[in-house]
Amino acid sequence: MSNRGPLAVAFIAGMLMIGDYFLDWGPLNSYAEWVQKYYIIIAAFAIVLGVASLFKLHLGKLKRKEDGWRYSIVTFFGFFAMIVTGLFMTSGDLTGTKHPWNAWLYTNVQLPLGATMFSLLAFFIASAAYRAFRARSLEATLLLLAACLVMLGQVPILTGGVFESLPEIKQWILDIPNMASKRAIMIGVGLGMMSTALKIIFGIERTYLGGSEE
Amino acid sequence: MNIWDKLQSIDRRWIFLVMFIVIIIPLMNPKSLDINVSEPTRKAFERIENVPSGSNVLISWDFDPGSQAELLPTAKAMLHQLFEKNVNIVVITLWPAAPTLADTTLNEISTLYNKQEGVDWVNLGFKPGLDIVVKSMGSDIHEIFPADDKGKRVENIPLMKDIRNYDDFNLVIDLSAGSSVDFYVEQAHGAYGADLVAAATGVMIGDFYPYLEANQLQGLVGALVGAAEYEKLMEKAYGLEPDKATAGMQAQAKAHLAIIIFIVLGNIGFFAKRKKTSPKLESLNK
Amino acid sequence: MIFNFLNLIFQIQIKEGKGPVFLVLVLFICALVFFLDKARKGASFKIRKIAGLDAVNEAIGRATEMGKSILYTTGLETASHIATIASLTILSRVAKRAARYGTRLQVPSFDPIVMTLSQEIVRESYLEEGMIDSFRKDDIFYLTQEQFAYTAAVEGVLIREKPATVFLMGYFYAESLLLAETGNSIGAIQIAGTDAVTQLPFFIVSCDYTLIGEELYAASAYLSEDSSIISSLKAQDFGKALLWIFLFIGSIFTFFGSVKFLSIIGGSS
Amino acid sequence: MIFNLIAPFNTPEGLGIWIAAFLTLCIFSFLYKDNPFYKFAEHLFVGVSTGYYISIYYWNTLKPNLIDELRKGFSALGEGNVQKAFGLDENGSIIAEPHLRMVVPLMLGIFIFLIFISRKNAWLSRISFAWYIGVASGIAIPASMATRVLIQAQGSVRDFCIFNAGCANAAGLDPQTATTSLWINSALLLIGTLCAVAYFFFSLPSKGVLKAMNKVGIYFLMISFGASFGYTVMARISLLIGRFQFLFYDWLGINI
């Protein structure tokens, strides 16, 4: 069995979406709107595969009593707590994430965990700056200087005299050299993306389909 | 390992510890901050100063606890200012998770000024629909918000009796963690001619400066810096004590300074080491 | 019937304001087809050295020597993001090498579809190398779709398994620095690649090699060792050259008052 | 400094704050080193968030867009209204509610499972993946052209247009007086963009003028990376301040 079928599907699906972008034609446009709205359904189905993989991983750990197998129980506990309150319980009209227990778990477990992980960045950004910003070469020096000037321009650390112009310098760095290279990167990314996507719908790039055996 | 090597390889845990300390201390002990108030913040403050006593202001509370570090201080300072000036406040929100935060804050500050819910202020709560909500308030607020956050019918709220649309507000304030400022500029200001002041997070602020230049916004308070500036203005005008934004800004300044000092230390070590070791030796060491 | 059909065709019009995009796209496709044809006829294209690419083999070799594993993440986007697909192509090359050397390859996934695709791709790579018996499907596993839960778990893997080599390829958000700094702290060689402009600085400071923006796409083409895929790089360069000339000449003419160049690309209102 | 109230244990809110504070500290402990508290929080986080996303997918996607549509479709079919059952109006045009048309995504969804059951059916799952990625590519092609390439090019040309009253008026932009500094800035922007684009040429040998441009391009890139880094520091520290405020104000009730 070759990959010809799937490649044809990718081609047709892709061409229809491109057509929708350029052409003003009722049936095509409403088809495209429909597709964009509902293709997430595939992702919703796929999550079952994800959960199966997660279960396999942790059940395996439990069975083999691997290092840290007790933590797998914690994962299952969290998972089922969310599933039971989110899928099977109702409180009046409130279901899913609006169910008070589910919402409570979200606000007091998931939200603070996420926010705290996010806030670790404040520490990591400091250690990364310390380690990486060394004036080893001209390039590294430019990196370092730009970072320090922008940081000094952000907050009032040094004030008075020459330092009063730091915010302006910061703004200039952001508006001119920073903008110039962002534009260039974006242009490159746009072209790279487009050519990769074209290769996919023309069937030149097919690695993503994996093997073609059986 | 000599001192220069050590300067180049400080264990990252020491850096973490220093960051921890320099951020916590100002938070526990905020002092009046010496900062220059920027033009957009001053404009916002002055526009609110010019709201006549007894008139109405609409606040669109478009942020949830996720962005409260940046926006709540501004919100609080503005509420203090408005209550101080005896202005009536109507609060709505376009964000589902915002009403509780708005309610807690309103209750906390209104009691300080003996202001009554329903008479001096009201929280109409959340309505989904973003720009559509903003647009519909141009014709009839009662229709889109038939009841307040607690389910009380608007007909029975004394404050809401004479308020029907944007014409009945002296000013509209959008406290936004997203792009709702766009809708207000387009609809409330563009289509219905309402005066507009906004506060936004650091990520979004850049998008909104053009509105200020085009006079579509009467003032703009940006991120934690803007909030700290606002607290400074409130301190000068009403003797309000500096609060969380000021504390936050001090923590920011100290943390930035700490990072820069670490960068400098690393570079001192790097250069001192390079001078001392001749190139030959260095290659042998490898 | 035929009349109806024709009637239908004539109803179709190009949407307003999409003209410039259409024009440029057609030009680009022409260039792509031209170079593809050249490649099919046996032309080979020289590509300049991309630092991160040469490091790929070296980094895999290092993991093998140390008897440690390789960790590969395809980023925090779904398979509908093109950068993820570019990353999957690179994964297929990395997997081949890993299979040849018998080095363990771990792929923690953020999206279940990407996980399934990764499993298929890695499996295929092992098959091609004749090492299917050492393919471990469970090493390509799903974690969760919540950004920071995924980050927390990958950090856990990094700190406990201590892989010798870490690949961070695809689209990333704020977690980029958390992953890269943790990878750095365990002394792994890190090769990153992303088209997320805002996250590039963090990879640059924390990783040994970083593929910047378009280099990620170029890498996926280059590593394929397939001349028809590499030929697309020529088309990309053609696009850039065209744009380069356009910007250069356009800016000069615009400076002297011509509005033509701005309106060609649809920039005048 | 007064400890005016430590969150009480006996209300759901109070207990929630205690749990959130404990988990916050668990994550912070990772900064020192990996430890059982972090492992606990990490595993809990993975479990909870996976569960959360399942209920989100079910309530926001599967139920309204698939199950309810199919149910409506079947009931229309039961009434004998075939056109409505497939989401068509009397003229055969597509209406917003797809009803039984949802069978297509349903089939594609089911195909995905087949890979799980037997490798023999793997090719069917490939149809789903090909469709999914084909759609994504089709959307990305014109979008990346328009929003990345052309918009950036427009911005670049526009910088020069505002100098010239004639051009600015014709393009509907606000003309600006060309001061020397504005002039230099625009020229620098253009040079920077052109040099940085030149850095991304893959098939041309880096020699002569191109080599020089590549170098300048790299300098611009480095300044940009440094600037973005420095610019982000503030936002990250704000997040940490947010967590500290939670710990001190909400949990410990320390007020100043």
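When the chains are written out, they are named A, B, C and D in that same order, and each has its own residue count from 1.
Here, contacts are C-beta pairs under 8 Å (C-beta built on N, C-alpha and C of every residue); 3 or more make two chains touch, one makes a residue touch a chain.
None of the values given here were measured: they were computed from a predicted structure.
**Student:** Mind listing the chains that sit against chain B and also against chain C?
**Tutor:** The shared contacts of chain B and chain C, listed by label, come to A, D.
**Student:** Using each chain's Cα centroid, which is most distant from the centroid of chain D?
**Tutor:** B
**Student:** Could you quickly compare A-D and C-D and let me know which has more C-beta contacts?
**Tutor:** A-D
**Student:** If you average the CA atoms of chain A and of chain D, how far apart do the two points sit, in angstrom?
**Tutor:** Centre separation, chain A to chain D: 6 Å.
**Student:** Roughly how far is chain C from chain D, going centre to centre by Cα mean, in whole Å?
**Tutor:** 17
**Student:** Report, in whole Å, the distance between the mean C-alpha point of chain A and the mean C-alpha point of chain B.
**Tutor:** 26
**Student:** Just how far, in Å, is the C-alpha centre of chain D from the one of chain B?
**Tutor:** The separation of the two C-alpha centroids amounts to 24 Å.
**Student:** Identify all positions of chain C at which a residue touches two or more other chains, and write them in rising order.
**Tutor:** 18, 21, 25, 28, 79, 82, 85, 113, 116-117, 120, 143-146, 148-149, 152, 160, 200, 202, 204-205, 212-214, 218, 233, 236, 239-240, 243
**Student:** Quick one: which residues in chain A touch 2 or more of the other chains?
**Tutor:** Residues 21-22, 26, 42-43, 46-51, 54, 68, 110, 113-115, 117-118, 120-123, 125, 127, 129, 131, 133, 143-144, 147-148, 151, 154-155, 182, 185-189, 191, 193-194, 196-198, 200, 208-210 of chain A each touch two or more of the other chains.
**Student:** Going through chain B residue by residue, note those that touch at least 2 other chains and give them in order.
**Tutor:** In chain B, residues 12, 16, 19, 23, 252, 255-256, 259 touch at least two other chains, as defined above.
**Student:** Which of the chains touch, listed as pairs?
**Tutor:** Touch list across chains, by label: A-B, A-C, A-D, B-D, C-D.
**Student:** Given the complex with chain C, which residues does chain D contribute to the contact?
**Tutor:** Residues of chain D touching chain C: 27, 30, 34, 38-39, 41-42, 45-46, 48-50, 52-53, 112, 115, 122, 125, 129, 132-133, 135-137, 139-142, 144-146, 149-150, 153-154, 156-161, 163-164, 166-167, 170-172, 190, 193-194, 197-198, 200-206, 221, 224-226, 228-229, 232.
**Student:** Where on chain D does chain B make contact in their complex?
**Tutor:** Interface residues on the chain D side: 1, 31-32, 233-235, 237-242, 244-245, 248, 254, 256.
**Student:** Per the contact definition, I'd like the list of chain B residues that touch chain A in the complex.
**Tutor:** 8, 10, 12, 15-16, 19-20, 23, 33-36, 66, 225, 249, 252-253, 255-260, 262-263, 265-267, 270-271
**Student:** Show me the residue ranges of chain D that touch chain A in the complex, using the header's touch definition.
**Tutor:** 12, 15-17, 19-21, 23-24, 27-28, 30-31, 39-59, 61-62, 65-66, 93-94, 98, 101-102, 105-106, 108-110, 112-113, 116, 119-120, 122-123, 126-145, 147-149, 151-153, 155-156, 185, 188-197, 199-200, 217-234, 236-237, 239-240, 242-243, 246
**Student:** For the complex, give me every residue of chain A touching chain C.
**Tutor:** Residues 21-26, 28, 42-43, 46-51, 53-54, 56-57, 60, 68, 110, 113-114, 117-118, 120-121, 124-125, 127-129, 131-133, 143, 182, 185-189, 191-200, 204-205, 207-211, 213 of chain A touch chain C in their complex.
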